[in-house]
């Protein structure tokens, strides 16, 4: 697996998921956005970035999910909390079912303390107010108070999963912002980050122009040569 | 098409979508509310009001939706952005599918700069944080980062469409507030506005009474004659 | 019906729906959470607590739901508003359909004035901004402007209902917080409240430890005897 | 309640649900069709017809739904089976949830033996093959093996309910054919039956003409006077 | 628009929608299958084939959809029935909503009499038993008795539409079999037909081998050279 | 893993999924029914029975799913087809998404040739007519022509999965009939089979009585002692 470099991580913190989605779209990748998840609190300090560490849930069979299963330190959910590497993003496949929690305040607090970069589920978190107040980005579908044992049985750690209809392989680079969460295949992370930084510069230039009254034709995309020249000057002026 | 008058526009800015929904209900119109859309930011300065200018999307065929389609100035989405009249509301039929964006920050900023009164989609916007911060009302189902090309092909401008299961004809009067967005058939706009202003006065009176401890029986609706007299006095006192 | 005691009410104000869901789960009750409802405004002053007073809606037949039905003081919706006991929570079975309102600002204001403890629907409220600003907790699926007559016919008061797929019997104890709303069967309210207070103390202790850097193994759940001893000291220190 | 007469019952056996839906539509009734139910076997001997006798389910609380509840003869589901009048149609409000059965082969066989005219649920039946083979019409959403106790608690008999989003009042006249099941308000049954018989005659005439090569303009609807004359002759010839 | 040749039509009658879906997939086209429609009766005489002639519905505004609208010969639904060319397939965009009919027995009979090759809606047909018995293929989501006026307003003929989430342009080649309906972009029809005929030959060969006990490795796909040789002999023997 | 004995297999062939669902319900197991799957053809020769052999799909990333992936003999879908043991049932976790196929006619034919007892997916099969005609039971949600590569990437063989919201562990005993498919935990198979045989005898007795005119009270369940005596005689008479 290609390791996520510090340089790429920094670049990705400064770009948005729409820009990344467009860069992936150009490469024929249409389903990398984790659908229908949202941040529990407004993102700050740039986008959430980290390599995916995954947890797979299956439907919880009643006889295997008494409260005491958590006494077992090898329980996959509890292991994931203690083993997800610092700087990684824990991504949970909850089969898009938010009727029971994927995790709660204590476990997510522990992730934060361990230096994990963020947590994502296509289900829901309990103690959502507490999690929203943590200093670590979190994404889910909606709050969900019932314990995960009610519907979700943790079964595997760090295998390829689906999350919100997106494919997630361990080590893929996860980026989240106000629009949601996207999955960059690991081998593309560096080139996508570079391209997104470039695109972001042009988008910022365009936004400035549009706010100054420019029309979009010829500017976005830049079919008018004059706009590319103006952009070139703008880059120098803004050091980008 | 009846043109939306300034007087009616002003009246509609001061009334709510629930009041308008009730006025339409009295005329047998039950499906004028655009279902399941919400404002990207809290409405301010009264309700969003404007005549509908429409954009219809169909499912995007892959071979017709490479990134370079936007270089064509006749692309219906881009034309809609530049041609939607100032004071109008751009309403997009995204077939209730928010898995790819209906539009993004740059295009919606351009709409604002052009003096458009608002924008509505039954899909989702990308750059949702940026759009939320604009000084123009916007409504969608949820944020959505992927470019519209992923799933939505813009195909027609200003034809009758469905949006959130409501029928929208070009020129219909669109009103939006915290509860969502409603569609007033063009020919009814003036009379509905008048009636809604009246209803709003009574509702404000009722709210004041209820907050003062009145019970609702006889007051809401006014089956007790004394309440109508009190309302009459209240109107004079409040100049309404 | 067991009457909700003041002591139990106070205890329940201090505990969360996730904790209650776990306590119910231990007793084999998995579906007591009202699914997919959310508070119209951030809860304050602890959790919403009250005994359930119910209203059942059925699909609205057009000929029975002209606007003038509200002139009849025996209309079940209007009666519910005036008859729901102070301290109770009005729970509405809107068949999980938020396409028309379950109630609006005036009626919910009246509930607040009458001292009702809160209101819940698995549909939606109109005048949602106004209701959000009231000093009484309210929960729904999403805002919905059309009058309830459009789709919902109030048919029965204070019968057993479903709300958000949870069973609700009149007199069950309803508790709501940021995560949503849960239904405690009346006969279990006292023991669940006691147990939840105990669980909350331990969870608060755990949270404090985790924030101090403790790992979860052995602590949550307390399989390590030392943690139970530390908790015992902590309780004494914190008076809990 | 108007009693369903033998004459009206016979008329309704000879007409289709689409024709009835149109007759109701003319009277402003748009939601009388029970949505998304289908016959377990191809209808024979004309349409199913009978007055509605209803059963309401709510979500099943686990502690109230052990297998032994059926030992109680006052259990509403079991009472409904033994008390639904001969000639009536038993209509079950299963909240559109087919994940557990509304009833099974033995109970539906008992209904047939008792002379009940048919059975409808907006959930599902277990033993669906056995029920399909019975000599009584039955309608559901899809087969469903789990006992009703799993999700559905029978709570009331013969109250107004929703079934497949349609309002059903006890005594309403239920008609079912290959297209599904429709609910005729009791007070309209006679006039709707008469009108539907007339409409059916014209539709049969039109079908014959169209099969003979006629175009639909002027014929359907009959805007061409000549078609009405031809129909008049056709009626005499066919004794209708 | 490329006209569908008789040769291509014949080839397509002999191939299946899965084979066509695979041929389109190889060209990067993933969404050409009309999702969630099924034949009203078992297909016979090969697959349904014809060029798309389209009808677009929007949500029906109540005041524009009284029964008498059908008296107008320019009503788009009625025009579509009389104007859809013989040999074409009428494809209706009913916004995936089968709660009201897209058309009924008389109109579909007229289509058959006019030599139309088939009819498809992503909604439902009324008089479904009658339509199923016709000698023309028809596809829908499920039976639906209410008149289309209830929810669907016909608004445009022969424009690009969405049907079951697939893009349909007038003139695209529509093919239907037991698995459903697929849309071949007009310009690809000839080459896709040729390729599908080839693929079908190989699939038939494979099926014969598998039925004779062959394992799939090396055979499907043909990574084992010997299988290609055997296929070559088989083609000669079977004249394919 | 407990091996499924021939005796238990035979017993299970003679009982229905509703009876099994009730037996599991008595043990607190409520979610063992695979929801919303149906047989492609009417079951014959008793219920489908076999131990679960599983295949897990995840969302298909476009760059990993070109047609040529099937040339690799280690592709999990292809391996599953060749490695699923005779007598077992292949159960596929297609994340309840029937928009692309889980498998097609050739692969399912191969399963049949290899002596596999049946195949189940919570997605859909392509070539559904061909599969329906095979002499092996098959279950899916609905036909689906697009190749699995379109949406489903086979990722693991014989791990615990979810299928139609039911938990499926390799070796669990799968039983299918006209009502659908149920999952019996491996360790319970023998005792559940025994109990279901007993229950079936009583149900057959009850059905016979009900068809003879008996009322259900006292008989079903047998609260009337006389019925148990009559059953005892009936068993002897029928050798059951």
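The chains carry the letters A, B, C, D, E and F, assigned in the order they are written, with residues numbered from 1 in each.
In this text, a residue touches a chain if its C-beta (ideal position, glycine included) is under 8 Å from a C-beta of that chain, and two chains touch if they have at least 3 such contacts.
Bear in mind that the values here come from a model prediction, so they are computed numbers and not experimental data.
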Hop count on the shortest chain-contact route linking chain C and chain E comes to 2
For the copies chain E and chain F, the interface residues, called same if over half of the numbers are used by both and different if under half, are different
Greatest Cα-centre separation from chain E belongs to chain C
Equivalent interface to A-B (more than half of contact pairs same by residue no.) among B-C, B-E or C-D is B-C
Computed over C-alpha atoms, the centroid farthest from that of chain F is that of chain B
More contacting C-beta pairs: B-E or D-E? The answer is D-E
Taking each chain's centre as the mean of its CA atoms, chain A sits from chain F at a distance in Å of 37
Whole-Å distance, C-alpha centre of chain A to that of chain C, is 32
Rounded to the nearest Å, the gap separating the Cα centres of chain A and chain D is 50
Residues in chain D with touches to at least two other chains are numbered 28, 30
Every chain pair meeting the touch definition is listed as A-B, A-C, A-F, B-C, B-E, C-D, D-E, D-F, E-F
Residue positions on chain C within touch of chain A in the complex are 16-18, 20-22, 25-26, 30, 33, 35-36, 38, 42, 177-180, 182, 203, 206-207, 210-211, 213, 215-217, 220-221, 223
In their shared complex, chain F is touched by residues of chain D numbered 67-68, 70-71, 73, 78, 81-82, 99, 101, 104-107, 109-110, 113, 126-130, 142-147, 149-150
Contacts from chain D onto chain C in the complex sit at residues 27-32, 58-63, 95, 153, 155-156, 159-162, 165-167, 169, 185
